[in-house]
């Protein structure tokens, strides 16, 4: 039974309490980020760590982000050596499993190909602290440049996780982004906000010399701006956006 | 009873004559500016000064701009010390109350996070008088840089109002915009027009050396261009846009 | 009876044979250019010269371009001194009447505020011959800078017509565009194509040093590219776009 | 009988086995690329080589890309001298026939006027290897500059095919693009991906100094990224996009 077909209430964006809830979170996340320009062919994927801490629920191959329903989500093990090779899994599923292994605090992972973020990662400029968007990443966003190609091996995926470090996001040079969150709310927020920050920087670069937020206040401002209870609000508004009568439409 | 559910005629954009009308104006304004790219998560808010001159009707927390209905509007007092702390109020409600206190001529206030305006405010360049859009701000748009963070204290909010001065708009550096108007028509016009002017400047900066409108004629041209009766027309057209069969859709 | 309410066939874009057909052409033209980004508040207007050669059918004040129906079109005389002051007429109607007086070959006129064209006109750079779009204007597009304000007097309007000369378009510096055509097909084509050419130039300016079409071949290439029979095709496709089940929607 | 009106299953994007299937592929391809910004008036066309190897199925004149149905597709011979002059054929049909003659490996051809690609081709800069998009063209995209005008003669069309060489795409300077594919899947992929790569380069040029993928690894990365089985997935997702309840709409 999908959310669309009868769930009594809204789906929480907090860590899932069941496999079914995890699958619904992944499907919603995919449809949400599609609305914000993250769709590229049938590529990109979101995942959520299940209640057992080791099962990962992740979008399977074959659907575009805007189309994903709970039945398009598969379960794989992050602790089995070849879990990422589960039939139907995206080639780059290993980036998710390695991120979960490296970061026990992480409950959700997203990899996509958003245009402005890729453009930024294809230059020698770092993300600048120009707006509240960039404040979600007060210590900046590192760039992984171990390969410009698909990240399909555990070795490359571990290297991505290493560059990510304790942060929320990493730019995969010439390729895309990987973002993580405490749960699906935070991962979606990171994906959308990173792309918006990159787009805003693109516009600002043309308008004049940048006047960024001073680094010394970024941490404090970030903590005030990004609080868990706010993220609940955002999640519910996103769900209403993609899950209304006009599912998949930007307006309800 | 909302406008959608039975109001006999269109809602005026002139100063409201009742609490119900004020709430409808706020809801319509939120939905209108959402159509023009001002939506950011569930953030941004519009408010209207009520008929008693001291009650402020303002969007509450929890809804995205495109979703706001009259029942999502709360009443707070601008003259009580802690009015802005009313449960459900956005953290930055205090920017509205301080603007109303500082400017008795103001009947509506909007704070949002539009991308091109934020980008402009994150550079060292002022808004240029490139088009009729910029003419709504013939004396330019000042920049508040007292903090890059949320404006949640009366002290910061008073400082924003001070930078605003007698004008229609202020850029909050690295954050967003605050615009004011004689009534909701003018505030919506200022919000939409400032963002359009910033976007136009972004395009022009790439196309060549700017040839702005001479400052010495700006005041006169502005007065001819922006007249109250025109603003009535704009308001009615915006209302038809968001309030038709396809409420929330860009087309009716 | 409007086209929507029962016309047996499609509306031709050739010079109108009746007042009713002229009004339908104007309404369709307004809705078409709205789809291509020309809408700005309730501003901008299209007009058509009627079968008598001296009556002008023009959008009246009060509607946004996307909303215009035949009943929103008024008839004025281009040969009466004060025809442009007809009640309900846009303030800048005089630009239309003066263009018709100066150019007996012109059957339709459009004035709008498209963003990229205004941005181009607010710089010191001319339109470059970068693509087939610009080829519609093989001799370039002149800039009127007699005033940055509204063009409401016959004197200013005559000056605009003088700068237009024998061409299809003029940039009104810091304000908008005026385009003309043999009939409504050509005027709509000029409006849409000028804005697309300006947008393309904006993109190209960032991508590298421009390699324009040589001026000496522009005239010949333009004549081959822009033929009356092609324009019939375009007009019919635009009408299908705005006049289908989803009138006003971009897709049918 | 069109696909919409009763085909039992999805239309494959592999080389067509019948004339009917070829026509459906062409119609779908036109509607798909329209969704990705390739529409320009009623211009642009897709074609597919039929099962006999010498009949070409190509969009006829008169419809915009978003409107094309199988009945808007005509059959012409690529081996008859004047096949491209078939009544109803676009003037530039000869570019298709010459590409098929020069490239026996090619099963589908698309010519369109996408804005960012044209802008790139109107500058002195080549396509840079900035992202996986550009990897579809690991050896770069050559520029045809034999004429800036319409390509309507066999001589010009042969010259375009010569510049195309063994590649997937050619920029027609000041005009548009020509892309080819083993079948319609690959041709659509090339059209969409070239335009996305050009747009991404536009954004990156503003953001900083480019850090492209090293040419020496481009071939290998390209082969891993672009595999035939993936292209099947993309084709099916595109077909669902344009062929659902909301045919022609971006969302289903």
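Letters A, B, C and D mark the chains as written, and numbering starts fresh at 1 in each.
The definition used in the following text is that a residue touches a chain if its C-beta (ideal position, glycine included) is under 8 Å from a C-beta of that chain, and two chains touch if they have at least 3 such contacts.
None of these values were measured; they are calculated from a predicted model.
Asks: To get from chain B to chain D along touching chains, fewest steps?
Replies: Graph distance in the chain contact network comes out at 2.
Asks: Compare the two sides of the chain B and chain C interface and say whether they are made mostly of the same residue numbers, over half shared, or of different ones.
Replies: different
Asks: Distance from the CA centroid of chain A to that of chain D, rounded to the nearest Å?
Replies: That pair's centroid distance is 32 Å.
Asks: Report, in whole Å, the distance between the mean C-alpha point of chain A and the mean C-alpha point of chain C.
Replies: 45
Asks: What residues in chain D touch two or more of the other chains?
Replies: In chain D, the residues touching two or more other chains are 201, 206.
Asks: Once the touch criterion is applied, which pairs of chains come out as touching?
Replies: The complete list of chain pairs in contact reads A-B, A-D, B-C, C-D.
Asks: In the complex, go through chain D and note every residue touching chain C.
Replies: 40-42, 61-64, 66-67, 113, 115-116, 118-120, 122-125, 147-150, 173-176, 198, 201-202, 205-206, 246, 248-249
Asks: Taking the complex as given, what residues does chain D use to touch chain A?
Replies: Contacts found on chain D: 129-132, 196, 199-201, 203-204, 206-214, 217, 220-221, 224-225, 230, 233-234, 236-237, 240-241, 251-252.
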